[in-house]
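Following are the structures in question.
The same subunit A turns up in both complexes below, where it pairs with subunit B and then with subunit C.
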Partner chain A sequence: MAVSTRNAAAADARGRRRAGPGRLRRSFGAHWYAWAMVAPVLAVMLVLIGWPLARGVYLSLTDATEANIGRTIGVNVIPSTYEFVGLDNYLRILTSELFWDKLLWTVIWTVACVALHYGVGLALAVMLNRKLRFRSVYRVLLILPWAVPAFVAAFVWRYLYNSDYGVINGMLKLAGLGPVGWLDDPVTAKAAVIAVNVWIGVPFMMVALLGGLQSIPAELYEAAEVDGAGPWQRFRAITLPGLRQVSSTVILLGTIWTFNMFPIIFLVTRGGPGSETEILVTYAFREAFTGIRDYSGSAAWGVIILLMLVVLAVGYRRTLRSQGDPW
Partner chain B sequence: MSLTLAAAACGGGGGEPAAPATSVADPMKITGEVTWWDTTRPDSEGPTFQALIKEFEAAYPGIKVKYVNVPSDQAQNQFQTAAQAGSGAPDVIRSEVAWTSQFASLGYLQPLDGSRAVDQPGDFLPGPSSSTKYNGKTYAVPQVTDTLALLYNKRLLKEAGHEEPPKTVAELKQTALDVKAKTGAEGLALNVDSYFLLPFMYGEGGDLLDVQNKKIVVDSPANVKAMETVADLISSGAAPKPATTESYANAMTALKEGKAAMIYNGPWALSEIYQGKEFQDKANLGIAPVPAGSVKAGAPTGGWNLAIYAGSKNIPAAYEFVRFMTTAKAQAKIAKEISLLPTRTSAYADPDVQGNQDVAVFKPIMDTAMPRPWIPEGGQLFQPLLEGYQDLVGGKSAPADMLKKVSEQYHGIMKDWS
Partner chain C sequence: MTTYGSGGRPRGERGALASIGLHAGLLLAVAISLFPVVWLVLTSLKPRDGWLSSELRLFDDSSLDNYARVLTATEFPRWLLNSVLTAGLTMVAGVLLAATTGYAVSRFRFPGHRGVMWLLLVTQMFPVAILIVPLYNLMAGLGLLNQIPGLVIAYMTIAVPFCAWMMKSYFDTVPIEIDQAGLVDGLTPFGVFRRVVLPLARPGIAVTAFYCFMTAWGEVGYATVFMSQEDKRTLGVGLQQFVGQHWSDWGLMTASAVLIAIPAGAVFLLVQRHLVTGLTAGATKA
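Presenting the complex of A and B:
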């Protein structure tokens, strides 16, 4: 007993003498095994996420393109001639009309898609939460769009929209109406891509919300009914608050996904007509991957998109937390 | 001691300067695997090239060819990605004429001057040959060449009272209107793609760039007139308002099914057109030079080159492959079977080539085709023009405004041009 006390005191004194303020070191000493456990994960994260991210941020501050990044291929040796240009790329992007045009459309696209995803998803979830015949058949059918790979869906829809040989115009013709150039006019093209994305995104919302609905205790509804609450009152007072947790998560996820929903736009309209349906990510891709690639410019676009989403996510979480949500 | 010896032996073997490819004693002894990215249509054109590969492998038992078909609209991008990354790039790529100088400027291509890849350089037609040069060096070998022509349905034109295809844009409009009035089919199916605007521009004496003076001339009055012509074809009903997505496929389908009488397209489209029900009888397809504008008739020079990736591990084998695929004999076979135009003068003397009607019709058109500016940025000129064309077709902007916008974008791409 005495021995151990003395040892502990000595260790304590030694620690203080050696480390001075070193709380980190002491914590490391005490929790070294925890650090050791985390280290591989940390290393992998640094390599897989940190390094590309840092490299992207660095590139966005240079004027690097495919032509001036140094490389040696066989007999051809090309020296590196790109330079650090500071915030030039950001200034150029943020002062261009094009960026604000694309941002406006991206926001409209995101809000419209997420609102429809959530609205339609909730409606379907509520319907499927009832006891009805063939419920599981409906559920499988409604989940189907989600199981279709995005590029397959995009090509199918592209064919449906074809102005001369498409199914939709074929039906219009049968109904005695003229054909519509769905993807040829900015307004209809925008509506068309939103429709495709809604078709693809609703199943996820529906399943998530269905899960949420099933976690609401049935007793609450029974009690409300005894108290004389009508269906709408029950929906507002029990269903919506009960879904709050799920809703806030899926809306945030949906917003981020839709904001960055590359394949639908890229495959259905290629950003056309003109570049009317191009959202921020597809535009950044075009910068990066057409002609002589502009690495620095597209990296700057990427960083701007990332910052916007980070700000959005943080703001959203703050709001939720201030309203009493636990996360 | 033995270590030093081994090291010396290695040094001796690896340190010797590589013998120039021309002095290879026996090319039949070369071994290796050559990966080739082909960009032809796999169903209609691919089999001919695969048959050629069989012949090559039989002639060069040591060399294996790995055939990869990459869609032509993706090959440029995929090659750039792979070449830049240093892995996954093919040894030989079928490069569009406009890509070649871009790839060369980025250091992706093996210089071919004096190598076995280029056999009798003087035999190649000057137009296609010019596309293989960058900074005075040769980076590719012309494989096939092409240009645009007016392809038409003879039956429909005859029903509309026209024995002869239109020779000018004014006649084109009239013929198209007659077809529409008398047969119920559409007259002209337009393809909303930049390349297909060039005949209209050249026809008025316009061009995209003035390379000699490093000047961007896309918004010249001549081009404005050309765009007005296109807009007029649509508004007058001579051409139905084209879809801006899938318009190539739609125009092709319209011709193949007899729903439209005329389209602009090149020899690469012929094998696909002959699969259409309207052209079971090949004789029903007419091929004529593109109609002239107020200045002349002019269509762009297109075509494909074979180029070798500079990082290839099998350069000697790739040289032999390129050499074989661009011989007059190989070109004659390609011309005979799928009507793609040879790039060698001597190939046109081949009886197989002379026996092909399509080639016979296209050859004189080829002779008046306009080479495009072969500059590294050449491949980037099409996207802005395409967006402009879509705006024009959609009625979103007038010819002059549209070209002004295109010009602004060109200035952004080529900053030191006036």
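Presenting the complex of A and C:
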């Protein structure tokens, strides 16, 4: 066994990058240890994600609610009585105005947050990348919000926004202005949750982009300056292209994270006022776990959200690849 | 570090005005990033009902009253213990399971390699909503609701793909020549992994473990529905009680928030440099 492993390893070391499935048996001989190493994670994902996912998709095709799902009360086992209803849930959701309302707000939320994360993060990264006194002090202080767990941040901001005791209204009063019910009005509540999420998310973008900036060779800037390029031209022609790899990654990750950002909205506004600040994810959650729990409806929302994100990620990657990025 | 500046003509040189602008901009950003945290700490130090005012008085009659109440008169210590246990177990299981996978996708180009990478990315996209209902039913069936192992299982769906992804990026930074030297010396691929690469990747493992811990530590959605029993709650769920619909006590809230944020923040600042490298390096080299 040891000998064959060694041979396989040697063969692999020689032909590492060569994609050669060849015969199944040879492939197994050459790759079995790679597969063995991947196996634990695959097993976990299959059992913990694959199975619930399959069941979730199935539930979304039924009319399961709290009332008709199988359960055990004491010693009594009540069997499930929900039925397969095909695409009814999807049709109901996709034809409801509510869905399109929530989708619109979720898209606005995601685009606004990611744009601000990226814009502010890039601006700060560029500033921090210059020769500057106290640079590392600034850097550490600016990273601080990242260290605050999201749910703690959500509670802190809820306190800041409080209409009676919140410091934001306190400052408005000092400035001689009336108090604002930040979380009671749809427009200000939306602005408020975006502000919280931007506050939390900028440090990550800033540090990632700073890393990207520092990997751009200084000679490029020198050459450009010798050629008479101004600061803006250098930014356009060197900085932005130099950051492309990092940017495309953090934007995709940021989009996915923001689209699914649960705790901020759930804890800052609880989706309110009404359900004005509810994004798709928090809505689906509420649907499943408040009132009469609508398991099938919630599952259908989940499937729709997931499909949208997969389409987004595939499209995004394809676009990047067609532009020559290896990503 | 210095990107600007090389002999002859000083580069990146700015006028005094530009310097002032730069510092002003950064100071403003620092003020915004620090203010909520500072205000949180100040409020927590106010006496019992001190939060009932937004006046900007500092350290007038500060007291540790809120902290004393949180630690003695509430379930906070219990929630803290639950959170530590849950996040700790998630972290250990996540890292143990994910380490080999991270290594395999970093080093070997095996059939199915692309598929595994994609799977890891797609699972990052899973919204809470799609898995939570089936997982909830599954837990209910297995009697795992209100049990810490149940919550850990739910968190594995988040942590395992994530850990594998981060571990991959760290293994990518370990030169492949080291593996080859190990193979030449007669080690099996598993031996190389365990005896040579794993020890070298120790900082990476530490950072992955920390990130994994923080992910479980800050999760609210799963915890809210899986841990409904008072003494089983984690911090994210328990704290919601302090500021409910009809009654809030921001004194308790701010004191517990400080207790939660300070240790996490301290460790975080120590490892933050590596966090980003871990996340972005893996993604850009995929």
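Operating definition for what follows: the second predicted complex is superposed on the first by the 285 of 327 C-alpha atoms of A that agree within 3 Å, B and C clash if a C-alpha of one lies under 4 Å from a C-alpha of the other, contacts with A are read in each partner's own complex, and residues count from 1 in each chain.
Convention: contacts are C-beta pairs under 8 Å (C-beta built on N, C-alpha and C of every residue); 3 or more make two chains touch, one makes a residue touch a chain.
Just so it is clear, the model here is predicted, and its values are computed rather than measured.
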Next on the checklist: So in the superposed three-chain picture, is A:Gly291 touching just subunit B, just subunit C, both, or none of them (first/second/both/neither)?
Outcome noted: first
Item to check | subunit C versus subunit B, contacts on subunit A by residue | outcome: C
Checklist entry - Of the partners subunit B and subunit C, which touch A:Ala67 in the superposed model: first, second, both, neither? => result first
Next on the checklist: In the overlaid three-chain picture, which partner chain does A:Ser322 touch, first (subunit B) or second (subunit C), both, or neither?
Outcome noted: neither
Checklist entry - Touching A:Val148, do we find subunit B (first), subunit C (second), both, or neither? => result second
Checklist entry - Is A:Val207 touching the first partner subunit B, the second partner subunit C, both, or neither of them? => result second
Checklist entry - Which partner does A:Asp184 reach: the first (subunit B), the second (subunit C), both, or neither? => result first
Checklist entry - Is A:Phe262 touching the first partner subunit B, the second partner subunit C, both, or neither of them? => result second
Checklist entry - In the superposed arrangement, does A:Arg158 touch subunit B (first), subunit C (second), both or neither? => result both
Item to check | subunit B and subunit C contact sites that coincide on subunit A, given as residue numbers | outcome: 71, 158, 162, 165, 289
Item to check | Touch list for subunit A against partner subunit B, complex | outcome: 66-67, 71, 73-78, 158, 161-165, 181, 183-186, 269-270, 272-275, 289-293
Checklist outcome for this item: Given the complex, residues on subunit B that touch subunit A span 77, 80-81, 83-84, 86, 102, 105-111, 241, 243-246, 250, 253-254, 309-312, 315, 376-377, 379-380, 383, 387, 390-391, 393-394, 396, 413
Checklist entry - Mind pulling up the subunit C residues that touch subunit A in the complex? => result 1-6, 11-12, 14, 22-23, 25-26, 29-30, 32-34, 36-37, 39-40, 43, 51-56, 97-98, 100-101, 103-105, 107-113, 116, 119, 121-138, 140, 153, 156-157, 160-161, 164, 179-180, 183, 186, 188-190, 193, 214, 217-221, 224-225, 235-236, 239-240, 243, 250, 253-254, 257, 260-261, 264-265, 268-269, 272-273, 275-277, 279-280, 283-284, 286
Item to check | Contact set on subunit A toward subunit C in their complex | outcome: 2, 5-6, 9-10, 12-13, 16-19, 21, 27, 30-31, 33-35, 37-38, 40-42, 44-45, 48-49, 51-53, 55-56, 59, 69, 71, 120, 123-124, 127-132, 138, 140-153, 155-160, 162, 165-167, 169-171, 173-174, 199, 202-204, 207-208, 211-214, 216, 218, 221-222, 225, 245-246, 249-250, 252-253, 256, 259-260, 262-263, 266-267, 280-281, 284-285, 288-289, 295, 298-299, 301-303, 305-306, 309-310, 313, 327
